[in-house]
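Take a look at the structures listed below.
Next come two complexes, and both contain subunit A; in the first it sits with subunit B, in the second with subunit C.
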Partner chain A sequence: MTEMRRRWLIFLGIAVVPALLIVAPIASFLLLSLFRAEKNVIIREITFGNYSSFFGNWTYFGTFLGTVLLCLEVMGVAVLIGYPVAWFIWQQKGSRRYLLLLLAVMPLFMSYIVKLYTLRSMLGLNGLVNQALLGLGILEKPSQAFLFNQRAVLITMVVIYLPFVVLPIFLALERIPRSLLQASLDLGAGSWDTFRRIVLPLSLPGTIAGALFAFVLALGDFVTPQMVGGTTGFTIGRVIYSQFGLAYNWPFGAAMATILFITALIGILLAGYSISRQRV
Partner chain B sequence: MGLELRDVTKRYGPVEVLHPLSLGVANGEFLTLLGPSGSGKTTVLRLMGGFTEASGGQILFEGQDITRLAANRRPFNTVFQDYALFPHMTVLENAGYGPLVQRRNGPKTAKLIDDTLDIVGLSSLRDRYPAQLSGGQKQRVALARAIVCEPKVILLDEPLAALDATLRRQMQLFLKQIQRRIETTFVFVTHDQDEAITMSDRIVVMSQGRIEQVGSPKDIYFKPRTRFVAGFFGDNNLIPGVLAGPGKLQTTAGELLCADTSEVRTGQDVLLCIRPESLKLGQGPVTIRAEVEEAIFGGAMTKLILHAAADRSVKLDLRLAGGQRAEAPIPGDLVSLTYDPADAVVVSR
Partner chain C sequence: MRSAGDRLPLWIAGLVTGLVFILLYLPVFISLLFSIVEIRQGKILWETLSFRHYVTLWSNPSVMGAFSNTAIVALISVAVATVLALVLALYTEWEGAIGRRMLELVIYLPFLLPPIVTGLALLVASAELGLNRGLATIVLGHAVFVLAVAYRLVLTRLQALPHSLIEASFDLGAGRFQTLRYVLLPHLASAVMTGAVLALTLSFDETLISTFVAGDQMTLPLRLWAMMRVGFSPEINALVTLVLLVSIILAIIVAWRMKPRGQVEEG
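For the complex of A and B:
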């Protein structure tokens, strides 16, 4: 057996598992999205009807655009909060730094559902947020503005996905050699110039990775909108869920899932492209 | 005196890594801090650069106290051991970083950057990124970046340590030429004595947080004042003995002479230091009987390793020029060695 053929065999052997677990389900989804359903029966004829009815119907397409916008907001807010947090942790010395980092990523070890219920109770009428605002005299009576709407989805997603943003940013910051900061100082730069011209550009790949995590995770999340979204916090994830779980229109659900998948893929490719342009 | 350290100390907790140390650096001088790792040489450099705060004492520049001045406010620039080039900037942007953050711009600055890249021979590589450069080229960028800031002192922290031997020799010469050309004070840290000898106006030999000796390369080489300098700096034959009287030593290898013994007292335990190249085969006013252990042919030189006939523990080492190879003794031979007492030095033991 030639070296080349042996390598191919090894490659195929390794490729079986991802092919079975990742490629095959996606392919079956793509195929399913090209079928149509009539009275809960899937008719196996190739058609693009699902896609045309998605883009033709504003209820679906508008919800989709709204969801993408929401996820971009989640991403933006998470980065705006996550970057300073990561930077602050990075500034600490010795063991305190890793203790703080551990605290920041601790929520990752907790159940997603537990976190959702915790946030729900915090954002509710008698929740921590309302109590605090009442106590501070900012509100006169408890507000319903924090739960069962789009804003609640935003807040909850930001809180839940924050560790995914903090971690890669922190890692990027930590990879910056100390000598670069000293060199910048040595050449006469103040701390703002050093941050703007050295730290920020060099931590950008990690920041993009963190932003991507937030965006993609938020895009696929249909439980959070379900739990805290109420009627106005309607996202495409919930629509897809209802196509599978309630309407039993699997081909249409698969078509929307495919569109969501492609959207996430575009996000990943854009992020990959912008990271590859960085010289670090 | 340009830069001056007065009784500067550095402690990390209870550990004093730098004992009170005083040192002056003249303007335009090439000064080398030489010592093994842990000798405190890098600490001295970092204190000068403002990267470490002194635990005590004063640092002055042109009479001004700069002990507490931040690194970005000192008129010094550092060339770091790992170059510390900004990876996301081109050679040109790296070189122009100092003027950029110091808000110095305009045609004069642009020309200065151009000229400096020219001096260090990087004009053709100005648009490359550090990852696309070789070690020697990175070194030049780091140097250019410092020179562009027109510092009064350039601090170099083992800048040649990462280069291979050939490149290192080229860079030594290059650094020296640059230093003469821009007439700036260079403070250079190294553990490599060859580097120190070839480049420096003065050498500061350090050991365990103390200065052992300060002097010109010749002084340090021919007139070591301490046992450490005698042993650390270049190859040396060290023969233990007692000073019997002015110029006279009683050693296990016999009675030996040294022209200048004014630094030590009669009766004191001393080491007699004779450079391998000062030791010759043959008879003279002083003679050491020795047995050849090894004769290593090395091209231009043949290296003889011997021990004193009277005391095997006294190892000796001498160089024979290539022409004498034919007459070189072989292991086991008993030979007579001699030297000029003026070439020998004594240090206290």
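For the complex of A and C:
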């Protein structure tokens, strides 16, 4: 047996497990998106009908574009808040830095559904936000404005996905050699110039990666819009989910999920490319 | 020397950080508070302080059933993922490996993709195969989901091991299997454990993939979700507090294990 043949045999033996558990399921739903459903029966003929009815129907395509827009907003707000947080933690020294980092990352481990629950109770009619605004005299009576609309989805997603943004930015900042900052200051650049010309460009790949993670996670989220979005906070994730439940059109749901999959994959590959460029 | 003007950005960033931490952690304390005391018209009634809602949970069969399901799923899926991660990491670090980058992308996919895609893929695949949805499909879903973190941690440790260690083992006459058993595995053990605890934390909280593959089975997050749809109650707050407590304890264990220490001694 030649060396090459042995290597291929071992490869096949190893790769069969991820192929069965990961590639095959993804392939099966991609294939399903090319079938069609008639009265709850799946007809196995190849057709692009699901895709044409997705792009042809503004209810679906518009929801998709609206979701992408919402997720871009989530991404933007999360970076605007997350960058100062990561930068502040990076400016700290010793064990305080480690403790703050731990506090920033810990929410990643906290149950998603629990965070959703607590945020929903905070934004609600009797929630903390309303109580605080009433107490400060800003509002005269509790407002419905914070829950069951698109804005509530935005706020909740930002809070939930913020730690995913802070961590990569911090890791990128931490990689910047102190000598570069020292050199910049020694050469007479002020701290603003040093930030603008050294820190910001060198932390950009990590920031882009963090932003894209938030975008991808928000894109597929169907529980947040359902729990805090009410009737106006409709996203493509909710539409897909309903196709596998009440609406019961699996092929059409699979087609929409395929479009989501491709959008997410582009995001992931861009993030990977951005990280791979981050070699100081 | 820093002037007062230079410190302004630090103060602003510090303020933002402080507000973010309040936003992230305040809900935890509120749930805890609501689970042990009654609050009426914004006033805390301390005389109502009691832990009875925790006791009620204990005798709630649907909550306890969900809890035992969660524990079973977590233990089996983490065991499966850990063994798989170890084998895959040893393979991708082997000099004769084929398609290393492709294999890594596949391993990371279920973790990186929106959970709705991973969940749907498993749902469709199990329907095509005629598998009944239940604990077994949840275990599969969690195993592919947590595989990425277990793999990443083992791989990082494997790459940090000095190559001389393995060469020395071969020079001293150990075969491939003996090198694996007596040299590699003992060095990998702590990374494998850290990966397993991290995976356990993720499996314990996993909601979105489970939604698709659970069938009529309930895990703790799914049960919580179902309870949430009905409304707010002190009992939910008690359960929320307990779930958070478990997550935080697991997270602290992971953080403690991953704290940078001295590296593997060279030579």
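In the analysis below, the second predicted complex is superposed on the first by the 268 of 280 C-alpha atoms of A that agree within 3 Å, B and C clash if a C-alpha of one lies under 4 Å from a C-alpha of the other, contacts with A are read in each partner's own complex, and residues count from 1 in each chain.
Here is the rule we go by: contacts are C-beta pairs under 8 Å (C-beta built on N, C-alpha and C of every residue); 3 or more make two chains touch, one makes a residue touch a chain.
Predicted, not measured: the structure shown is a model, and the values here were computed from it.
Colleague: According to the stated criteria, A:169 is in contact with first (subunit B), second (subunit C), both, or neither; which is it?
Modeller: Neither partner.
Colleague: Quick one: is A:123 in contact with subunit B, with subunit C, with both, or with neither? Answer first, second, both or neither.
Modeller: Touch status of A:123: no partner.
Colleague: Thinking of the overlay built on chain A, is A:177 touched by subunit B (first), by subunit C (second), by both, or by neither?
Modeller: Only subunit B is touched by A:177; subunit C is not.
Colleague: Given the superposition on chain A, which partner contacts more residues in subunit A: subunit B or subunit C?
Modeller: Partner touching more subunit A residues in the overlay: C.
Colleague: Now for A:261: first (subunit B), second (subunit C), both, or neither, which partner does it touch?
Modeller: second
Colleague: Go through the superposed model and pick first if A:157 touches only subunit B, second if only subunit C, both, or neither.
Modeller: neither
Colleague: Counting only touches as set out at the top, which of subunit B and subunit C does A:197 meet: first, second, both, neither?
Modeller: In the superposition, A:197 touches subunit B alone.
Colleague: According to the stated criteria, A:29 is in contact with first (subunit B), second (subunit C), both, or neither; which is it?
Modeller: second
Colleague: Considering each complex separately, which residues of subunit A are in contact with subunit B in the first and with subunit C in the second?
Modeller: In subunit A, residues 190 are touched by subunit B and also by subunit C.
Colleague: What residues on subunit A touch subunit B, complex-wise?
Modeller: 177, 179-180, 182-190, 193, 197-198, 201-202, 278-280
Colleague: In the complex of these two chains, what residues of subunit B are touching subunit A?
Modeller: Residues 49, 51, 70-72, 76-78, 80-82, 84-88, 97-98, 100-102, 129, 131, 145-146, 149.
Colleague: Residues of subunit C touching subunit A in their complex?
Modeller: Residues of subunit C touching subunit A: 2, 6, 10, 12-14, 16-17, 20-21, 23-28, 30-31, 42, 84, 87-88, 91, 96-99, 103, 106-107, 109-110, 112-117, 120-125, 128, 140, 143-144, 201, 204-205, 207-208, 211-212, 221, 224-225, 228, 232, 236, 240, 243-244, 247-248, 250-251, 254-255, 259.
Colleague: Mind pulling up the subunit A residues that touch subunit C in the complex?
Modeller: It comes out as residues 3, 7-8, 10-11, 14-15, 17-19, 21-26, 28-29, 32, 81, 84-85, 87-89, 91, 98, 100, 102-122, 128, 131, 135, 159, 162-163, 190-191, 216-217, 219-223, 227, 237, 240-241, 244, 250, 253-254, 257, 260-261, 264-265, 268.
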